[in-house]
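Every chain is named by a letter (A, B, C and D) in the order it is written, and numbering of its residues begins at 1.
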């Protein structure tokens, strides 16, 4: 266990939280839950979530396993708010997640209403490491990949580091996801909002202007692969928050692996989800 | 059949309760990276429900040589179950002895090391090397593997298993558990062969051979390895039948598993004849499932005790 | 693998679509009592979706002697599945010929009669008697049954099955389907034996051996017969794996079944190598499931056809 | 198929209805759904019901199979109400069911709200036959066994036959079930309502007064067995609406059998659920 890993340890076992808030953001749902006594996660870490009730019984009896979600934000909140001392730790954070309904698990979670029970395990995995070599952070994301970049931008800005963001979305219905970050430049596939085209077009231009950066990226695999390849071609370091199908989220099942450039596999849930792009020969297509 | 709660004697080991993990479904090193040292502490020391969730730890399957495992995707969610094609990734015997064993020695519970080999010779080498290590309290043989010498699945056929065990058994004085394959015509006959050849216990069931179609590409397989093994609630009734069949045939203790999610399910497993109950897939849904299940089991026995008096 | 929709040739029979019923999961006589004659009419005659739901009808298993079946309870609801211990109640060969066959002859689709015997002699007697009847278009042998002469499950062992089939096969010129048992180590080897011994097709999977604990009495069995067979979605992935294994080994057509609930599931079954798909448990949830599934299958092929052009 | 069987044929296949009304009656829930174009069931027939959504995913992934419910009432209703001619048949009946939540299936059905989808197959089975030998009908039921007696009383009364009812309930929370019938005499196990004791006490007294009756009974197995034995001892014919675990409801699975006095079994879903008590040596305990 490296001490310098951006990883907050999780309480052992899953715990039950109550949904505190649900709001829609274009096509996305933002779900918030207070985590009394829970630790403050690092940007890029994730939680395994499952609804307390009706987790199962949809198409093919699914969902059965919990689902992985990057933390979107974790703010001090709850009863102890405003109390003296280390209030955040005493009260625990209000956790926020950004969801897109793509299957039985996310559909069920997107239906949750305030007060309903949410099983939570986390924070899990390793988050975004600090920029190396005094490089400037450049955030690049797409779709629900926006979530980990939002909390990371908060942290960078709080640390006095600029953190411009480039975000890609499918269309105008999804573009409101960009409001989760400050000063994001947006690209949409259909041109309905911002640049008409891929977010990597924006990244390419940005790197032309200044390539003493480290790119923090999260998004759909084809986007991540484009970012990885672009960064590699330009000798720019990249830190990619990857996704894969997960059963456990804590290294137990060996299911969430991604192939490494030098052979073998890494478990994204314990060795990631954030990986140095240089470790990969490619970001695998889903 | 009456079954007792509390501490359990199993092959000369004394376990605090009857709940252990299924091989390959809990990684102590990764759990410690994720949850910290709390997970390694003795149950209850940091308060009720705290600490290591199992009464003994079963390692994932170790092979002689290092294995990377199967290409992804390795997981598929089935109706109330999970199909996996992990492919037994492990550091190999040497890596296990050098890297994992020191970590596992810190566990507050007995350690059972699970091994697999594709011939009697390979198994003998594994068993001898582990027999020499004090950290290892018992050995489990995963026999869901074809014998390269005969082409037959070692665990699918009573004769085949007996022949292999006759060679392996003398190599260790530690308790030897045989983890049976469920993909066989008569699992009780295979268990009987294991007992005849000197096994101290049998463990079952392993996963059921299964296929997952690709959700978007008609005709294509989803799993990198095409087929995998089905675990979880979907197989619980099959597991109960096999444990019951085996219990009717052998006198050695049984580690029963397959789809156990609650204390009630564990009690069902004990009632059909298991001495220990292993939890696999449910730990993926709740890392501390073992703790919860052993507590629920206690409560069940407490209640039925009260009812009986 | 490319699969085609529309009418299907199967062992010389011409079926309107690839969906049939699983033996023992649809009773034509009882359905007529419940739903009237509409159920016997040719599909589509009374409008879209009307009429008999299957392209051929497979009878429940007929034995030489009459059987009452097992004591109740006979049903247990498992996670996304059903455990049954029906026990093959039937009127016996004589009763079937006298009472059921005249009713079944009114069906608008071919009739496949499923039989089981506990010895080659019994099977020969059944097959000969049915071979003599024009109403019967094909025979299906349920070999999930111990051979009283050898003590082995006829369908669990390739040698055993080959020996029995060598005697039975010559007794009929009608298509002979062997319904395999899934409770075996190597179903493909058993299917190969069936093909070698002259079977025209194989059908699989039958139910997985399973046990249901009593929901209220700890330690007691729920089913009157203690153990039963698991069917439904829980076993679908196991069925797909077995059909796929068999398809890789034999050239005769396969009737694939196990947990099929939708056209997509039926397509999956065809894609791993089945020629026909049987629907069992899903008909309990929806009596006209066969009609719905064959329509969904048509729609799938229509869509993929459009995509391909 | 006997023409004199009190059986209405069912449309083939299951159909989707919408819940029209849900009301609570003490501890019971009465669910109503309009069945456009559906046939009028006979008293004692039943339907297999399943919720369109979330059928599954509770304890042990259940429910999976549909559940059997006696029809409580089937009244002409819906758009064509008041229309001339055979309005009932044209519009189809409004079906009512009386439910008690005892497990995952009934719990889910009891949660259904107006507008939600209900899968329905039926009417199924054979209902109550007319009284033989000019005997007087005497209805005797308990718990949800009240349901088929309610529609049967309607029919008997409409035919000018008196149909007194004796009903047993657990306690005062369940006793409101008695309001589903006219002039019912009630017994409760805890004495909180009506006679303190078993409904068979009432039946015994009633038979003392006049035993030229046929007893129509439905209720929990121990009650039905007591009724059966009492009637047998007194030479009074009984018609018992039995229950058993069912998978299909239309004779396909052979699962719902009850042992007959003369050997063999009857499938309750096609040969029942109403059986002549004389056919049974006993009503099996559940």
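Here is the rule we use: contacts are C-beta pairs under 8 Å (C-beta built on N, C-alpha and C of every residue); 3 or more make two chains touch, one makes a residue touch a chain.
This one's a predicted model, so the numbers in the text were calculated from it and none came from an experiment.
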Which pair, B-D or C-D, has more C-beta contacts? C-D
Among all chains, whose Cα centre is located farthest from the one for subunit C? A
In whole angstrom, the CA-centroid distance of subunit B from subunit C equals 35
Between the Cα centroids of subunit B and subunit D the separation in whole angstrom comes to 48
Cα centroid separation between subunit C and subunit D, in whole Å? 34
Whole-Å distance, subunit A centre to subunit D centre, using C-alpha means? 54
Subunit B, residues touching no fewer than two other chains: 76, 78-81, 233
For subunit D, residues contacting two or more additional chains: 56, 60-61
By the document's touch definition, which label belongs to this structure's chain graph: line, ring, star, complete, or other? complete
So in the complex, which bits of subunit D are touching subunit A? 54-58, 61
Contact footprint of subunit C on subunit D as seen in their complex: 1, 7, 9-14, 50, 56, 60-66, 119, 121, 124, 244-248, 250-259, 263-265, 267, 270, 284
Complex contacts: residues of subunit B adjacent to subunit D: 79-80, 233
Taking the touch rule as given, give the residues of subunit D at its contact with subunit B in the complex, in rising order. 60-61
So, in the complex, the side of subunit C touching subunit D is made of residues 24-27, 29-36, 38-39, 49-50, 60, 68-69, 71-82, 84, 86, 89, 232-233, 281, 283-288, 291-292
